[in-house]
Structures are given as C-alpha cells and as structure tokens.
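Labels A, B, C, D, E and F are assigned to the chains in the order they are written; within every chain, residues are numbered from 1.
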Amino acid sequence: MNPLLIQVINPNTSLAMTETIGMAARAVAATGTEIIAVSPSQGVPSIEGHFDEAIAAVGVLEQVKRGKAQGVDGHIIACFGDPGLLAAREVASKPVIGIAEAAMHMATLVATRFSIVTTLPRTVIIARHLLQRYGFEHHCAALHAIDLPVLALEQDSGIAQQKVREYCIQSLHQDGVGAIVLGCGGMADLAQALTRELAIPVIDGVSAAVKLIESLSALGLTTSKHGDLDYPVAKPLSGMFSTLR
Amino acid sequence: MNPLLIQVINPNTSLAMTETIGMAARAVAATGTEIIAVSPSQGVPSIEGHFDEAIAAVGVLEQVKRGKAQGVDGHIIACFGDPGLLAAREVASKPVIGIAEAAMHMATLVATRFSIVTTLPRTVIIARHLLQRYGFEHHCAALHAIDLPVLALEQDSGIAQQKVREYCIQSLHQDGVGAIVLGCGGMADLAQALTRELAIPVIDGVSAAVKLIESLSALGLTTSKHGDLDYPVAKPLSGMFSTLR
Amino acid sequence: MNPLLIQVINPNTSLAMTETIGMAARAVAATGTEIIAVSPSQGVPSIEGHFDEAIAAVGVLEQVKRGKAQGVDGHIIACFGDPGLLAAREVASKPVIGIAEAAMHMATLVATRFSIVTTLPRTVIIARHLLQRYGFEHHCAALHAIDLPVLALEQDSGIAQQKVREYCIQSLHQDGVGAIVLGCGGMADLAQALTRELAIPVIDGVSAAVKLIESLSALGLTTSKHGDLDYPVAKPLSGMFSTLR
Amino acid sequence: MNPLLIQVINPNTSLAMTETIGMAARAVAATGTEIIAVSPSQGVPSIEGHFDEAIAAVGVLEQVKRGKAQGVDGHIIACFGDPGLLAAREVASKPVIGIAEAAMHMATLVATRFSIVTTLPRTVIIARHLLQRYGFEHHCAALHAIDLPVLALEQDSGIAQQKVREYCIQSLHQDGVGAIVLGCGGMADLAQALTRELAIPVIDGVSAAVKLIESLSALGLTTSKHGDLDYPVAKPLSGMFSTLR
Amino acid sequence: MNPLLIQVINPNTSLAMTETIGMAARAVAATGTEIIAVSPSQGVPSIEGHFDEAIAAVGVLEQVKRGKAQGVDGHIIACFGDPGLLAAREVASKPVIGIAEAAMHMATLVATRFSIVTTLPRTVIIARHLLQRYGFEHHCAALHAIDLPVLALEQDSGIAQQKVREYCIQSLHQDGVGAIVLGCGGMADLAQALTRELAIPVIDGVSAAVKLIESLSALGLTTSKHGDLDYPVAKPLSGMFSTLR
Amino acid sequence: MNPLLIQVINPNTSLAMTETIGMAARAVAATGTEIIAVSPSQGVPSIEGHFDEAIAAVGVLEQVKRGKAQGVDGHIIACFGDPGLLAAREVASKPVIGIAEAAMHMATLVATRFSIVTTLPRTVIIARHLLQRYGFEHHCAALHAIDLPVLALEQDSGIAQQKVREYCIQSLHQDGVGAIVLGCGGMADLAQALTRELAIPVIDGVSAAVKLIESLSALGLTTSKHGDLDYPVAKPLSGMFSTLR
C-alpha cells in the first residue's frame, strides 16, 4: 500500500483550530500517511449554527476540489455538523468522512450507548439531526452543551477544557452510557487524556475519521459513483461559485 | 391585516423558472399580498443534487438578507430540497417556508398517504431525507422520478410535463395513495390542471408555501428566536461571504 | 376568491367554550371569511379521555353532515384530540382540520422542537398518539399537564390560565424548545398574549386550523376522495344514527 | 378458577356475523367459559371505514356498559379496526381486547413476520394505523385486500372465502412471512381450516381474544385503573348518549 | 382439550430459582395443565449479562430438545432476556414463549404505557433491545434497576423484594404508567401481592407465558415451520454440541 | 505503533471457510499486523439460522477467551449474523467487531443506501434484526438471498459465486442503491473483484472488520468496561462451560 495523502478540512477559518485538528489527525495517522490540514480562505471563524454551516459548506467544497486536484486519497470534514458531507461526496472521487459521523460510528463499536458533549446549546439540534440521519438515535442517551462558544476552546485559560471534562464526568455518572463523543473539532486534543483519566472511551471524530479514510483506502472502497453520489451534473456555475468546478 | 409582501426565492439562477414560480405564487396569493420572485445573481442554473444545493443555499441566504432589508413578511425557498431552510430561519425575523415542506404538510391534511413525483432519480434521496426530517416517512407511499433534468420543465416541448402526468396517473393506480406531491419548483404550474383532471389533490409546494406564510402572518407567528433558530452568533464573515450579514 | 364559510365544531356541549373557540377563529379569519361556531346538541360537556372522545366523534359527524348541507367550505374539529378526524374526512367533501394537527404542523414551521401544555394528565396519552400518527414525535420535546379539568378554563378565577402561563414559562426554560403548543380548545384565547409576553410562538390550534382551511381552499385542494377517505360506503344506519347520513 | 363469562361484541348490527363470531369464540373457550355474543341494536350493518368505526364505537361502549352490569369477566371488540378500544377500557373494570390486537400479538409469538388479509382496500389504512399504534409495523410484511365488502363473507356463495384462501396462498409464496392474520371478524370461521390446509398459522382475532381474556383473568390482571385508563371523569351525558353511563 | 404438559425452562442452574419459577407457573396453570420446571445441568447460576445469556441459550436448547422428546405442548424460557428464543423456536414443533415477551405483551393489553423493574443496571440494555425487537419501545416509559444481583432474590432477607416494591411505588408516582413489568424470573412470586397492594397490574412473565402457551395450544397455533423458524438445517454437530440434535 | 495481532474467529467449524476468511483478512491487514484465523473445535459446520448461531456463539466466546490469553489486540466475529457479539465484548478487553456490523458501517460511508446479498432466505431475518439493532434500517434498500447454503460457497463449481454476482448486478439495476454488502463470511474473497467489475463498492465484512480493529487500536479505543459491557460478573460456570472463564 502506498503512503496516503489525507486532506483534513477545517470548515471554519480559524487557523489555530486548523492546527489543533491537524495535530490530532497526525497523532493517529499510519506511518507514511501524510496529513494536509487546510481551511477555507474565506468564510466563518467558527461554526455554531445552521447559517454558519451553510457558509462553511461552500468552503468545504472548494477545499475538496483543491484536494482532488492535488490527488489526495481522502477528505475529512472536521466540524461536528459534517457540513456539506453529501455534496462533498458528489464532488470527490475518493472517500469523504465527517467527524460527527466518524465519532458516532466508532462509539457504537465500543459501547451500547453513548453521550455527546458539545459547545453551544444551539448546536444540539444539529447533532440530533445527524443522529437521525445516520441511524444512531437509539444509541445516543444524552446530549450536553458546555454553553461556551467554539473558539473558547482555542483560548489559553483552559476553562472550556475544564467544562468538557466536567460534563464528561457527569455523563459518566448519570447517563448510563459506556462512551462519550466529543462534539466539536476543537476538542480533538482532549480525547486521549480524557479516555485515560476517565477510563472510558472518549471519542474525537478527527482522529476517528483519519482511520476510516485509511480503512476505506486499504479496502479499495471509495465513494460510490453509481447513483445519487455520482459527480454533480455538469452545468455552468456563475459568479463567485464559478471556480467551484 | 396589512397587505403582505412575500419573497419567493428560486434558489437556482434560471430566470424562466423564477417566472414560473412567481406566477404560481401570485395565482394563489390573497388579495393585497404582493409576491416578489427573485433568484440569486450567481449560483447554479438548476438544482439536481447535494452539490447544487450547497451552492444554492448561499444564494438563498443572500436573498433572505436582501428580503429582510426590504421588509418582506416572509420568505419561500422554492426548490423541492428546501436548501438552506434552517439557516434561512436563523437569518430571518419573519417566517421561512420550504416548498417541499409546504407540499408535504398540505398532503397530509387531505390524504392519509401520498406519493412524490420528482425529476432525476438522484434527487430522490433528498426527498427521502426530508421525509425523515419532517416526520412524514409513514405518510409517503412511493417516490417516482421522471428521469428528466429540471430544466426540461422549462422547454416548450411539453415532454417533461407529459411524463409528470403519466407518473401521476400510474401512482394513482398503483400506490394506494390519496394525493400526489409534485417534487420540483418547476412543476408549480402543473398542479391545478392535474388536480382537476385526475380528481385527486396534486400538490405544488410554491403555492402551498404562499398560503402558509400568509397563515403564520395572520396568526402573529414567526420563526422562533428562542433557542436554536435565534439569529446567527455575530462574527466576522470573510471574503465572498462578507456581504452576507 | 369568494368569501368562505368555515364551520368550527366544538365537539363538546359547553356553549361557553364554543364561544371562546368561535371568537378565536374569528380573530384570525380573513376578511370575508365567515365563521360558524357550533357544538353538538347532545354529548359530553368536556372531553377528557377516550370515552369522551368516542361520544364526541358522533357529534362531530352530525355537525359535519349539517355543515355540508349548509354548503360550508371547511370544517374544524376544535378539540385537541382531533376526535373523529378521519371519519369526518370521509363524510366531508371539503377540507377538515383538527386543532391538534393544525397546531402541531404550525409549530414545526417556526421551531425545530416544541412542547405541549394540556389540561389533565390523562389526556397526555391522546396527544402522544397523535404525535405518532402525524409524524411529529421527534419534534415534541415534552408534554405538560396543568392538572386541571377542561372546564376550569371557562371559570372566571383565572387560575387555569395562570397555570398554563406558568407551565409555558417552565417549558421555555427547561425543555430546549422554540415553541409551545396549547393542548386544549379552551386555551384558544391565551395564545396571542402568551406569544407576546414570552416572545416565543405559543400556538393555538383553533386559529391555526382556520388559516389551514383558508389555505387549502385557496389552493383548490380538498379532502381526497380517491382511496381510503372516499365517502362512506352507502349502507342503512339504524336507530339513533339513522340521521347521520 | 370460577367459570368465566366473556362478552363478545360484534360492533356492527349484522346478526349473521354476530353468530359467526360467537361460534368462533365458543369453539376455543375453556371448559366452563361462557360466551355472550352481542351486537348493538343500532348502528352500521358492517364496518368498512373510519365513519363506520366512529358509529360502531358508541355501540361498543353501550354493550360494554351492559356487559359490566351483567358482571362479565371480559369484553371482546370483534371488528378488525378495534373501534373504541381505549374508550372501552376506560369504561370497563375487566379486560377489554380488540381482535386486531389479539391476532397481531399472537402472530408475533409464532412467526418473525406476518401478512394481513383484509376485505376492502379502504380498510388497509386502519390496519396500518393499528400496526403503528401497537408497535408491530416491523413485524408486518404485507397487507392484502380481497376487494370484497365485509358482508360478502356472510353470503352463501363462498366467493369471498375463496378469495381469502387465494390471497393467503399468494402471501405464503411471496411475502416471506411465517403467519397470516385474517383482517375481519367475519373471517373468524376460516382460520382453523386454512391453518391446517396451508400448514402455517392463519390467525383469527376473535378466538385469539377469547384466550387473552381468559389468560388475563387467570393472571389476576385487569385493565389498569391507575392513570389514563381510569374510569371516565364523571359528567352529565346529554341526549342520545345519556344512557351511556 | 387434552391436559397440557408445559415445560418451564429456567435457563440458569439455580435450583431455588427453578422452584420459584415452577411454583409461579403452577399457580396460574389451567386445571389439568402440568408444569415441568427444569434447568440445565450445566451453565451459569444466574444470568446478568450477554455472556451469561449466550451460555444459557445452549442450556435452553438442550432442554427444549429434551422437552420435545418428552412430548411437551410448549416451552417457556424463564429468564427476562429471553435467551435463545428464536433458536428454540427453530428446534421446537410446539410454541415457545419468553417471559420478557410474555410480560410485555400482557402489559400492553391492560395499560397504555408500562415501566420495567429489573435487577442489575447492566441488564437494562438487554430489556431495551427486546423492547426494540418486539415493537414496544413506545409503550415502555422507564426502566429501573434495583441494583442487586439476581440471586439476592433467592435469599431469605427480603431485601431484594423490598427494593422491588420500592421501585414499583416510585414508578407508580413518577413514570405516568398504568402497569409495571417485573424484569426477572426470580421476581415471579412477587407479582400477585404487588398487584393487590399497589392496585395496578404488576406483571410477571412466567405466569403470563403459561397462559400464552395454553392460549396458542387451544387455538391450534404453533411455531410456524414455514420460513425462517423452520427446523434447523440438518448438519453434524461436533464436540460438546453433538447431543443437541 | 506496535504491530497488531488480530484474531479472526470463524464461528463455524469449516476449515475451508476459516482459510477463505483468513486470507481475506490478511489481504488488507496493515504491514506488521498479524492475522490468526481460528475456528471452534466443536460446533456447527455452517451457520444458517438462529439455532446454529446460538451454538456458534459459545465457540466464539471460547476463542475470544483463548485470544485474550494469547494477548491479541482485537477479535473479529466472521459470520454475518455477528453471533455472540455483545457477549464477546463483555469477555474481551480489546475491541471486538462483527463482520455484518463492519460491512454495514462501511457501506453507509460510501453510499446513501445499500443492498445485502446473502445465502439462504432463512438468514434474511437475522440481517433484518441486525439492521434494526445497529440503526441502519433506513440505509438498506433490499435484502436478497441467493438460495444456496453457506457451504456451496466452498465448492469448486463456482455456481454460488456466479449467483452472488447475478444478484449484485440485479440489485445494481433495480434497488436504487450505491453499494452492496456481501452477507456471508464465505463471500469474503468475492468483494474486490466484484467492486472492480461492477464499479460500485461491494463490501466484505471480514476485511472491513480488520481495518476497524486496526483503527480502534490506533485511536487508543477499546471496548468500554464502564457499564453494560464490563467483564461478566464472576460466577462459577458448570459442566461443559467450566472452561469458559
């Protein structure tokens, strides 16, 4: 197997978060796998709702197109709402994995039920919709929001990290779950330490997605081009979108 | 009640379709209600998959912002995938209705089960996901695709229209349903004639959405700003998105 | 469009409630729409369980038959259990809307999730069953009962109204919802004031149903007579039911 | 255990069908169990839709009240739509079982999936709703309608019986099921012969319900009077309903 | 009807529990029905998880084979996880009923919603999975674990029994249910006293299963041998399993 | 990362199939990963129903115990019914993956909907139950059985392989899916060639499971020992099971 080139797309424009995410990806990548951590040059600095997601989705598509031109072997959408996931799958010829999807799948492989700890309360609905779409509603026992914005995770104070930890401990005692999913790309660096400290699987989707891309690649599987994920129907894109295909 | 100003947004850039949609909206609008039919200046000429939808969603948000500045009383997203619906609800202070949503809701009020007739097979998955999201999976007995692109509906030949009619008749005989939902904004002008000819409700979402906006408005109800549909968290939008807020 | 004649059927025999309901209907009716608020001459004074509903359903059917003879343009079943809804649709040639149905549909158009505030705890199961039937189980976060009988809403003390308000406020703080549905026809007059005071959509089904009837009418849509909502199979009705067809 | 007195209520007024049902009940009743087969003195001669069901429900309640006065040990609602089931449970102090419910429960105990063979196509939706309410949607693979009215089963020609048999055989070959549920009280006398001929369980709800009543009785279990199936709230019933409590 | 011979299989090797279960079965058996209470000669002394269940399932199959050789008329699997239920149905020619299944079915016949009181928290997931499989997720409002091991129920102290009672009372006040299902074969002797004391149906699956076997038998129904519950495909079983067929 | 030792357990006793499965596993294993393909010394030669599965589950547990003693880094249950999966997770300290689970998860990552092609019709119900348990009911469009026994796949004729291919092609044309899951461990060697020939993802669970074990291992995640997958409660196992712990 040739070494892989995996593109990790931070859908927001925060470079600090792109770095956090890139490091989390590199920490688990197989020997030889190269991680390119990118983010859109234009868009939103953090993603905390459907509006932010809609904008971020375009940035994701741009980066997927760029990654495709570079010949990457897979694309990761590193925001817990998996913005633009199916659109990106249409564009890509290689696998595309969202981090919410990745973390949820992994959680169901190590526990019968899991909880999610996310940032703002308003993003809970996004996770709910994904659970329904992916089929994991019955596997998720509770959703918790630490009630701090995404970028609080990039500040030095450690307050957001502490809150994540507290909610994980609370979930462990109250929710009757065997695993916890971290519901934000900016929490990627917390999973391993919490897994060790709390002695339960605390799952980060960024690293999970890296392994799923590597897995699909090794299996010779890629996004199906038969049916509804086929390349987009060719048509002229106008204005600011003209560079998108 | 003051006369209403309703913005009907065709999320694609096809002006012919914008006109079809605008006429369908005006045909049912209450006396005094004014319809502004708009489409993004940049984007995709038709929407036939998730990629097209992701691009169209940004155009929808731009138009919602513009409509809000104009003081419209409600916004309609006139593409059967309801692209950008929840994002638009965050932006808007007034009601926002998608035409898939509108048609499906109306269908459940006049029949116990309905079918959907849409354009390309690859768009069926979009309708499936919406049925799940909106809660109408059990109310939809079958999804049919005429296997012609969206813009075939704007051609003079009438072939696409004929196919829509044929699938409606077939559905009527085979699916055990009481109503049919037309699954494309470009079919908006067919509903009334088919309803009369086939003697069952054949439902167009554009006109349905107009009435729902008028209804919400008369009821003094608008998009909830409590919780997850509150206005987007204020943050700098960069690059081509900088005009979006 | 000709002015409409809408029949609002209070399924119980309480004339005070019929009046409350009629006023709520008139308050939102379009100019020219005429509201006939009726109630069965025989039946139950309030509806607080399945037994009451079964009796009320017959009264609803009588009134629908009467309204049909009068040439009304639509029928509303103004009890939150929507008693006799599908039976009434069989009898009617025009649209029939239940107020639970109307309120729930409207709630999903302005919020991602809603709560219900109803009267007696024993009626909660009726709302649960309707949520399942209509497809809105995932949209309803909580059901609350003020634990007062329906007719307490018709007393002058204001105690029931105060309890409704308290439960709405509690729901607003605890349930993570964006809207509240009032679960009793007798609460119809509270919705607008609570909507204003609490600054979230508080939805009454009576007024919502009026707008849905007007909407269907303007769209040229009516109860499907193809399939299972066709007129009842003609057969002799005996005894006290002999006047029902 | 004392001998039981079980009231089998045919919700329609067809005496021939009451007799068919009564015989089916007696054929399986335990030694000592006495079956009283009754039908309302007024109502509909057959039940083929929601309208018929709404009328029949009142007849069911009258009979339950009468049976209660007679001191019966349980009530059976012998129409496949289980009309008035929850209302009857409120009225009764003893168990009440619907035949659709009874047949469906039994089917899940002897096969992983079953089919239903019913009368008119328009009654299929009633069975669908019951499957959803009772939780058996995933256990039912197909619903078939012989497309003959209920009373065809009471004619001497045997045509309806022949059609039932044909659909059972077809289901056996095509549906991938292990059992068939007969979807009409008027088919009660066919189950045993078809079970023997086709060598699969063909299930009649009337006889199944008799055994469930006997079972609950032997277990000392009866309709819960704690919560939402408690006796109806005492209130004056007016007009033709005044005798109902 | 000939007297029946029903085999009640305690899937664990605890003879004290076999006796408890046998007595509960005999207490409700029809006159003439003979109960054979058995347990595997080898296996686990109590069943408190999936591992225990997997072992117990083999013991169940051995006993079913033995019972079949003895000519029993039905088999009961008397552990709340219903271990080996579908496998046993393949082996048996007569009905096989699990006690979880039996109790849950009965509960839905006397209440709209029920709670479950079980032993260790780790067994809750087993009940959850059964609720999903059987279709009763919506009928179960809450699951409670007394947090004592199964065999605590066989000790003389009465502590476990007291805890069961406390949880039933708590459920009665908090869960909004009409019935309670006891989630362990070892609780079989508690149901009748709790039913009387708490005045709601408290349901034991052992006795419920006896009546369901008797019911199916009287109805001439048995496990379908058409399709996926047919006898196992004949093949050589090796080693310690060689006696299993 | 140290090289991994993965135990692939063929739950049946067919050594030819163990070899097929072992080769499929080795074909995708990462450099350094060592595959130990094992099968129980006693049990069933093939698994074609619930009875076979119950027996196989014990063999699986024995092998998991043995693998654990050997210090393997993960266990794969290489039969499409995932027999004994949760029990094995209780026993293991390392990850355990079933091949049905693995294939289904992978399928949802590359297509919106998939079909399953399995062996005997009677095993379809097992796949159905797993789809429900895992949450993928909505992702599976169709289940096909080639109607040949499992061991036909080990014969030299190639007939079974040809049938698998035919069903895949038929599914590709009729089911509206983007991927196909092969529903038997004995089909493991067909996936890659079919993926190439049909140009859609044809997914084998054995190889998929290898990559998931490697992934979890790299992520530092293992079966949760908090809650219901904790090690089995310590208790004496008697008779032929005494070696199981």
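Here is the rule we go by: contacts are C-beta pairs under 8 Å (C-beta built on N, C-alpha and C of every residue); 3 or more make two chains touch, one makes a residue touch a chain.
Nothing here was measured: the structure is a model prediction, and the numbers come from that model.
S.K.: Supply the minimal count of touching-chain steps required to go from chain A to chain D.
M.R.: Each step joins two touching chains, and the minimum needed here is 2.
S.K.: Strictly by the touch rule at the top, which chains does chain B share as contacts with chain C?
M.R.: Both chain B and chain C are touched by A, D, going by the contact rule given at the top.
S.K.: Relative to chain A, which chain has the most distant C-alpha mean position?
M.R.: Relative to chain A, the chain with the farthest C-alpha centre is D.
S.K.: How big is the gap, in whole Å, between where the Cα atoms of chain C centre and where those of chain F centre?
M.R.: 52
S.K.: I'd like to verify one number: the distance from the centre of chain E to the centre of chain F, where each centre is the average of its C-alpha atoms, in whole angstrom.
M.R.: It comes to 30 Å between the two C-alpha centres.
S.K.: Which residues does chain E have that touch at least 2 chains other than itself?
M.R.: Correct list: 86, 112-113, 121, 124-125, 132, 138, 176, 227-228.
S.K.: Line, ring, star, complete or other: which one describes how these chains touch?
M.R.: other
S.K.: Okay, what are all the chain pairs that touch?
M.R.: Chain pairs that touch: A-B, A-C, A-E, A-F, B-C, B-D, B-F, C-D, C-E, D-E, D-F, E-F.
S.K.: Which residues, counting only chain C, touch chain A once they are in their complex?
M.R.: For chain C paired with chain A, touching residues are 112-113, 138, 176.
S.K.: Quick one: in the complex, what on chain A touches chain C?
M.R.: 121, 124-125, 132
S.K.: Quick one: which bits of chain B touch chain C in the complex? Just the residue numbers, please.
M.R.: Answer in residue numbers: 1, 28, 30-31, 86, 95, 97, 101, 105-106, 108-113, 134-139, 172, 176-179, 192, 195-196, 199-201, 203, 207-208, 211-212, 214-216, 218-229.
S.K.: Under the stated contact criterion, what part of chain F meets chain E in this complex?
M.R.: 13, 40-46, 48-55, 57-58, 61, 84, 86-87, 89-91, 120-125, 129, 132-133, 149, 227-228, 230, 232-233, 235-242, 244
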